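Before anything else, here is the set of structures, which you'll find just below.
Both complexes below contain subunit A, partnered by subunit B and then by subunit C.
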Partner chain A sequence: MTVKRLMDRIEAEELTNDMNLDRKIASGYVCDLLSWVMARGQEGSAWVTVQTHMNVVAVASLHEMACIILPEHIQMEDAPLRKAEEEGIPVLSSPLSAFEICGRMAAAGIPAPDR
Partner chain B sequence: MIQTDYPIHHGDYTRAGEASADIKRQLRQLGVGSATLRRIAVAAYEMELNIIIHSLGGSMTLVVDNDGIKLSSRDEGPGIPDVSKAMSEGFSTADEVARGLGFGAGMGLPNMRRNADQFEIESVMGQGTQIRMLFLLT
Partner chain C sequence: MSLYYDLHIHSCLSPCAAEDMTPGNICGMAHIKGLQAIAVTDHNSARNLRACCESARHFDLLFLPGIELCTREEVHLLSYFPTLEAAEEMGRRCLELLPPMKNRPDFFGAQIVMNAQDEEIAREDALLIGALSIGFSEACALVRSLGGVPVPAHIHRMNGAIQMLGFLPPEDAITAVEVKEGDFVPEGYRVLRSSDAHQLSDISEPLYTLQGSTAADILDYLKRNH
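Then we have the complex of A and B:
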């Protein structure tokens, strides 16, 4: 599943501009503790988090994640968005809760990361 | 041989990750494979954050030579009172600011050790902490 197709499934809008939305999603992940994500995050993950500061982008970029998904209409400030564009990480905002986003990702066949 | 030094400042969360991103860029240009690259990037970011969260300021150094890729850090203190405790997963002395950002789960040093092929840490109270990591080129 591509980032673009997932956006339809979770009713998300893209907060970044001009990103490649054809990137394939390898797995889904949800966590707000950045230390945890640093230790367990995986390449190609669609990562659901309510955190919106600069370090979220750094973590997603270092792990080469597929996208960042903010639940419940959460927005991100300009500075981290511009950073995400530089790093090539699409940032999405969905009206759904983190629970519903993950439920729909699982229903769409997106697996959990390898353990 | 390549050597690059990165000054890192205490509490500078807005620039956290810039040194690690540059290290990753440099190594990618050298043709380091993506799995190794991610491992190094994660360890570098943990190293960078450790200086930002816990130290009075310091620096990181990237060296690439015949032995492999070396990442080291040194800081100006305050030092770690009990290194073995600091190395245990789940133990953290991070302050409220760090925790508010989602750091301070006590996974930084263990995560560095897990990702590096060799890991060494030395700390002297009142002087500072030095960490050395080696990544072998396979």
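Then we have the complex of A and C:
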């Protein structure tokens, strides 16, 4: 499943510009405690979080995640969005709740991260 | 001058603090314990600072006006100000940035505003323990614009900057942090070890010192990381 196809499934819009949306998603993940994600994040994950601080981009970049997904119409400020573009991490915003987004990712066959 | 300090104390204005955390009791206990400098840092409000400041003068304590802000990321950020007026201005900003929720004293606890004679003069209606609608970085900038110093509270614990944000955002140029006893002390920061007291018995013993003889000195000390 690519980022582009996932966007359709979760009714998401892209907040970043000119990103490669053909990247494959390896797994799905949801967590808002950034220290937790720093310790456990995985390469290629689609990460659902309500946090929009600049550090979200840094953590996603550290793990080379596939994309960041903000639930419930949450928007992100310009500075972290420009940083996400620099780091090549698409940032998506979906009208759905984190629960619904994860449910749809699982239904589409996206697995949990490998442990 | 070396001062024994406790720069993180909640008064009875914080709903989670004991109701006997009155200005007189806090300052009296700090005095008995042998502290020389204290800060009262209620959640998102400055409304008890004036009374605490007056009470501190009575006990010959150096008083630093402060507020414990809760940012949008639910990071607890201590903020210390050079004057009561600056802290009160921050308090007014907080009221505008709090979620529109009223306190439920039966559930969260009372939010009591006092005078320096330990008499109740009002109750705060707005629920003070919510998250402000500004992010960590904006909050740091706002504190500095009022002449204050932002100091992330209990950084490794729940609602600490490192736990919530993974690491201290380098762009915010934090100079000082608060750590709990036994926690890892990061290098390159001024380090405060305060109590986060919510009841009188938790106010710090005279164990840790900082340098200065005025509020301005302490702020300078916290701003100059080494």
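We adopt the following convention: the second predicted complex is superposed on the first by the 115 of 115 C-alpha atoms of A that agree within 3 Å, B and C clash if a C-alpha of one lies under 4 Å from a C-alpha of the other, contacts with A are read in each partner's own complex, and residues count from 1 in each chain.
Assume contacts are C-beta pairs under 8 Å (C-beta built on N, C-alpha and C of every residue); 3 or more make two chains touch, one makes a residue touch a chain.
Remember, predicted model here, so these are calculated numbers, not experimental data.
Chemist: In the superposed model on subunit A, is it clash or fit for subunit B and subunit C?
Modeler: clash
Chemist: Taking the superposition on A as described, I'd like to know which of subunit B and subunit C A:S35 touches: first, second, both or neither.
Modeler: It touches subunit B and subunit C both.
Chemist: Between subunit B and subunit C, whom does A:E43 touch in the aligned arrangement: first, second, both, or neither?
Modeler: The first partner, subunit B, only.
Chemist: I'd like to know which partner A:T52 touches here: subunit B for first, subunit C for second, both or neither.
Modeler: In the superposed model, A:T52 contacts subunit C only, not subunit B.
Chemist: First (subunit B), second (subunit C), both or neither: which does A:E64 touch?
Modeler: A:E64 sits against subunit B, while subunit C stays out of touch.
Chemist: Going by the contact rule stated at the top, is it subunit B or subunit C that touches a larger number of residues on subunit A?
Modeler: B
Chemist: Report for A:R23: first if it touches subunit B alone, second if subunit C alone, otherwise both or neither.
Modeler: neither
Chemist: From the options 60-68, 96-104, 114-122 or 168-176, pick the one stretch of subunit C whose C-alpha atoms clash with subunit B.
Modeler: So the stretch of subunit C colliding with subunit B after superposition is 168-176.
Chemist: For subunit A, give the residues common to its interface with subunit B and its interface with subunit C.
Modeler: Shared contact residues on subunit A (touching subunit B in one complex, subunit C in the other): 33-35, 38, 51, 53-55, 58-59.
Chemist: Considering only the defined contacts, which subunit B positions touch subunit A in the complex?
Modeler: 13-14, 16-17, 20-21, 24, 34, 38, 41-42, 45-46, 101-108, 110-111, 114
Chemist: In the complex of these two chains, what residues of subunit A are touching subunit B?
Modeler: 32-36, 38-39, 43, 51, 53-55, 57-59, 61-64, 79, 87
Chemist: Contact residues on subunit A for subunit C in the complex?
Modeler: It is residues 33-35, 37-38, 51-55, 58-59, 77 of subunit A that touch subunit C.
Chemist: Report the residues of subunit C in contact with subunit A in the complex, numbered from low to high.
Modeler: Answer in residue numbers: 72-73, 135-137, 162-167, 169, 171.
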